[in-house]
Structures are given as C-alpha cells and as structure tokens.
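These are the structures in question, set out in turn.
One chain, chain A, links the two complexes that follow: it is found with chain B in the first and with chain C in the second.
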Partner chain A sequence: MSDPRAPLPGTAYYTYGVVPLDFSSAALDGAQGLGERPVEIVTGEKAAALTSVVSLDEFGEEPLRANLNDRDWLERAARAHEEVLERALADAPVIPFRLCTVYRGREQVLELLSERGATFAELLDRLRGTVELGVKAYLDRARFLEAAGAAPAPASPSGREYMLRRQRERTLDEEREQFKAECGRSSHERLAAVALAAQANPPQPPEVSGRTDEMLLNGAYLVEAAHGALADAVAELEQTYGPRGVSYELTGPWPPYNFVPRELAET
Partner chain B sequence: MTHGDRSLSRRVDSGPSPRGGVAPAQLADVLERVLDKGIVVAGDIKINLLDIELLTVKLRLLIASADKAKEMGIDWWEGDPFLKRGDQNGALEDRLRRLEAAAGLEPADRSEPSGE
Partner chain C sequence: MTESLDRPLEQQITLLELVDRVLNKGVVLSGDIMLSVADVDLVYVGLRVLLASVGTLERLHEEP
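Up next, the complex of A and B:
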C-alpha cells in the first residue's frame, strides 16, 4: 500500500451514513454491522459518521466487485447496512449512504465530515422527527375477477363456452390493467396528501416482491415519526379498494433513503 | 430465504396478510433502497456506480423475465451465479398454478406481454 495516508494496513472504513452530533451511541448497542468490531462513531465538528473497520480483503476494489456479484454476500451486506441505520434511526435522524461507501481510513472520513459538515447538518435538521414509510399495493387477480363478476370455469366446457370465456377473460385483462393504473395513481395521491414528501417507485415484478399478486403501487412517504395519518389513509384505501381485490402493505420505518439527494450538493 | 435472528421488530404490516406476524424487511425492499437510493458520496474505494446500476438492473431483470425467458428456452441466468437462486421460481410457479386452479382460471398465457 503506497498511500501515505492509509493508517492501518489492510483495513478501511466502511461508512453507513451520517447522524447529528447529539446522537447517542447507546442506540447502536447490539448492532452487528459489517466487520468484526463494533460500529464506530467518527465525530466531526458539525456531524458524525457511523463506520465500521473492514478488511480490504473483503472491501478492496477488486474483492468488492466480486462480492457484490455474490447474492448471499450482497444480502448479508445490505441487511447489516440497513440494520445499523435502522437502529440509529430509533434515536436520531440519519442520512443513509449508498451501500459500500468505503474510505481508506478514519482521517478520510473526518475530511468528508469537515468538507460536507454544513450540508449534512442542514439536511439532518430537515429530517429530524421524520421517517420514511413504504406502502405497496397488490391486486389479487382472483378476487378482482370475482368482483368483476367473472363466472367460475365449468368442469368440462364445450368449445363455444370455452371461446366465450377466453374472450371475456381478455376484456377483463384490459380492465384489470386500467384498474391497476387508476388505483395506483389515486392511492399514491391520497397517501402523498398526508405526507411531507412522496415518491412513487416502479412496482416490483412478482418474482422480486415474492408474491404472486401484481404490485400496483410501490410508494415511499416521508412522514412525521409519531404520526398515524399515513396508516389511517392506508386503512381508508383498503376499505375503498379492498372489495376489488387490492391489499396494502405498510413497511418501515425506514431511514429516509428516498428523501435524501442522490448527489451531495457542493457547499 | 433465511436471515437469522433479527431483534428489530419495528416492521409494521397492515391488514390481513398471508404472512402472519412481524416479518423482517423483504430483501427486495432493502436492496431497492441501499442500491438504488440513499446519498452517493465518493468513497476512496471506488465501486463504479455503473457496477451498482448494473446490479439493480440485474435484480429487476432477474426475475422480471425469468418465466417468459424460460418458456422461450433462454436460460442465460442459469450460468450467472448471481441470478441463480434455488428453485424459488419453481415454487412461485407452483403457487401460481395452485392459485389459478383455485380461482378456476386457465393457466395464464405467459408469452403475452403483461403490461408495464
């Protein structure tokens, strides 16, 4: 290693995100994190970073590329990253970093904090007292068809019955797509109305969501932490659209991944 | 999917759900966030953003088209260790078939585009 600033040979500082100076380290008790040692708080003048000392054998440029392409490794890393931020979130606002933000050493993390401290502090102030909640909505095809009055298939249909049924099914497919789009849009609007900020992401395909029902909404909402308005709105939507086969899933609280800027603004 | 013991139980799950109780966050939800969202600051160890973007694309592709592709005899992902994942797709297929049977439906024609 020829980098003169590298403090510990063979290691680097994995950085999960940034918290305010009043963050209590007790929130991280029991957090596993990445690497062998406990999560370390690196404190700058205006904000602090949550870090773990990790091995370059695992997080160096080359190994990292290979590891990211290993699904099990990726899952472990993603869950550890998320767990540290979630625990922190229970105590204070957090700015979540993208997975695998790695610095050579503590010194470099301090540099980041000193260069970007003001931006971080300002963003943390805005996020204080808020959390991100996720709402996904799914359409149960069978229930939708039932509500649309589709007759169950006869045990041994005649040729004509079969053709008619196929035709009816095609029309229902179109109706279903239209309904999904409308329901997704109006659900998002309703939820956005009670949120500080809202973001509709592309619905996950069934194989990613792990459910056979089709996802029609994949939304993220920034809300006040102790506020039940979003859950109330979800319950209301369930009453409205439930009879047509729609179910809602509320997830979180999440660190505000969807509500931090993608790129850090220059200070 | 197994992911050890997780003492965090702040997940909320509204309404009647086939998965009872409090579940850990679904992997797809976590990956979607940690790979695709969150602030990007330049670390010293560079992972090309392109690599990450490729990953998210892979994740979506994975799977978005697995059924369709398989039907067409395309199985390139079988050779990709990242995309290879037990028989999850098989299990899904089975569930789907059972649901369709229960709903009295013809098995869906999965060669038709399913819309965006």
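Up next, the complex of A and C:
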C-alpha cells in the first residue's frame, strides 16, 4: 500500500494565496485556474490556501524555467493566477502569493498553513474590507512645453537666436524634471491622504511602461472596498495638473499585492 | 502575426501591469517543502520576454 498522504506522482500543488476560514467556496464557481482540476481549498486551523493540482511536466523546476521564457505561457499563468485571486477577493480578503509558488503536495500546503497560520490570520484581519488600487501619472512632453510657453523654432535662426534657444531648452529640461518630481510627490501625498496605506514604486522608464510619455508616479493605494474617495482625488489631480500635460491612469481593484510583506515570518 | 499580438495595445499594457504585480509583488515563500521557486533571475527573464513583445507591438502600431 502506498502512503495516502504522499503526493500524487507527477503532480504538485500550485498555491495562489491564502484566504480566511470563513471564505465561501462558491466565490470560485467557474474559476478556471491552472491545471485540469477545479481550484481546491486546503483548510488549515487558522487560514485556508487556494490551490490547483498541476503537472510537473509544466511546473517542475526545469519546465518552469523554459515556460517563464515563453510569453504566451506567462500571460496565461498570470491571468489564471489573477482570476482566482480576484474572484476570491469579491468574497473575502486574500493574501496574494507570487506567481509560480508551488508545493510538493497537499501535505506540504497544510504544513505551510500550520507554520504561518497565526501570521496569515492576523494579516487577513487587517486586510478585510480593503482593495488595492493603482495610480500612474504620465507627463506629455509636448503639452508641458506648450503650457510653459515654448515658442516653435524659427525656420532659419540667426546665431544669436540659436544660442538663446539652446539656453531656453536647457532651462525647460530642468523645469520639466523639477515639475515631474514635485507633481509626483504632491500627487502621491494627496492620494495617500485618502488611503489606508500607500506605496510609491519607482516610476517605470518608457520601455517598461510601454508609453512614450514620461511616468512621474507609480503608486499603489490600499483603500476601503468602496473606493470613491481615491477616484475623486484622482479627478481633482487631473484638474490641477492636466493643463500642464499630466494624465492619470487608475487601475484595479487588485488583490493587495503591494500591501503584503515580501517574506512572512513563521509563527 | 501570432494571436497575442492581435490584441489592442491597451490590453497589452494592462497585462504588463499585471505581470509586474504577480512577479514583483506578493508573498514569496521558500523552504524545502516547496517544489520550486522561480528565483529572481527567472522573474526578470520572464518580464523581459513580455517587455520585448510590448515593444514589438508598439512599433507595429506606429507603422501604418
């Protein structure tokens, strides 16, 4: 007889994140998740984990290395991971794990829940009733220059005109950098004032943001699930800084990726 | 052109935002009860693949 607690050969337990014990499994109805079988809730004494049985052919260390390099695989995994957490979030607080957190078997997931159960429960209590929203702000360079009153270049400038123009351009570059820093800081302060917690991440360079406009704010905000105040604050900021070429992008609600510790101590 | 490149730019950027969160944020656990942890290098490799495709897409949009 084989040990019934031993992991199924060729499979492992993909773990999306952790929910409280009062989580209703109905929230996951229709969730596809990863793997062939429905999402499985593994219940410990103080918290429960959202898991899927996955194949080692896909999630074993070597295949995973290759799969993370495959754009389509990465997209499918990221969307499935997020979908399960978002459905859960509609019903209860969740602690999101990083993509591709995989345990050997059910027994090992239970071990995790028993080792860190108290930490999970405490964190879930703090997160109850909240969601994460993302706000990014971008500066349109042409609109900024227009607002700053930069004149278009004359068709055939004289030497003196050229020198004056170069000087003016340098001043405008400095002004723009200064404005970006100030606008980013004051926008974050304004948004943080209506949030329970706030996190300013480094603005992404254009090659990462996928936009030509310069990012000046890359913020995440933990807010009450009914989050009107943050959207109102974004609208106000648009009014204040819009005329100078700034636009804001509000995303979410997200599971609180930015408001869970990177590492959790054992309890 | 592959299917994923047919989708609009907006959706690609949302995906980027998503991948940024699921790979760079969230709880990271480690220990011998885990099967595999995508280490930081792997994460950057994965993100680079995605960024490269977004860059490609943007150029496709700019060229009529």
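Here, the second predicted complex is superposed on the first by the 245 of 267 C-alpha atoms of A that agree within 3 Å, B and C clash if a C-alpha of one lies under 4 Å from a C-alpha of the other, contacts with A are read in each partner's own complex, and residues count from 1 in each chain.
Keep this in mind: a contact is a pair of C-beta atoms (placed from the backbone, for glycine too) under 8 Å apart; a residue touches a chain by one contact, two chains touch by 3 or more.
As the structure is a prediction and not an experimental result, all values here were calculated from the model.
Steric overlap between chain B and chain C is present once the structures are superposed on chain A. Once chain A of one complex is fitted onto chain A of the other, the partner contacts of A:59 extend to both chain B and chain C. Contact with both chain B and chain C is seen for A:70 once the two complexes are overlaid on the shared chain. By the touch criterion defined above, A:91 reaches neither chain B nor chain C.
In the overlay built on the shared chain, the residue A:251 is in contact with chain B and with chain C.
When the two complexes are overlaid, the chain among chain B and chain C that reaches more residues of chain A is B.
Looking at the shared chain after the overlay, A:79 reaches both chain B and chain C.
In the overlay built on the shared chain, the residue A:145 is in contact with chain B alone; chain C does not reach it. Under the contact criterion defined above, the residues of chain A that touch both chain B in one complex and chain C in the other are 12, 17, 59-61, 64-65, 68-71, 74-75, 78-79, 81-82, 95-104, 108, 112, 134, 204, 207-210, 251, 254, 257-258, 260-264. Listing the residues of chain B that touch chain A in their complex gives 3, 6-8, 10-17, 25-35, 37-41, 43-47, 51-52, 55, 59-60, 62-64, 66-67, 81-83, 85, 88-89, 92, 95-96, 99, 102-106, 114-115. By the touch criterion given at the top, residues 12, 17, 56, 59-61, 64-65, 68-72, 74-75, 78-79, 81-82, 95-104, 108, 111-112, 134, 204, 207-211, 251, 254, 257-258, 260-264 of chain A touch chain C in their complex.
For chain A in complex with chain B, the residues that touch the partner chain are 12, 15, 17, 30, 59-61, 64-65, 68-71, 74-75, 78-79, 81-83, 86-87, 90, 95-104, 108, 112, 116, 134, 141-142, 145-146, 152-153, 165-166, 169, 177, 201, 204-210, 212, 214, 231, 234-235, 238, 242, 247-255, 257-258, 260-264.
By the touch criterion given at the top, residues 2, 4, 9, 12-23, 25-29, 33-38, 42-43, 45-46, 49-55, 58 of chain C touch chain A in their complex.
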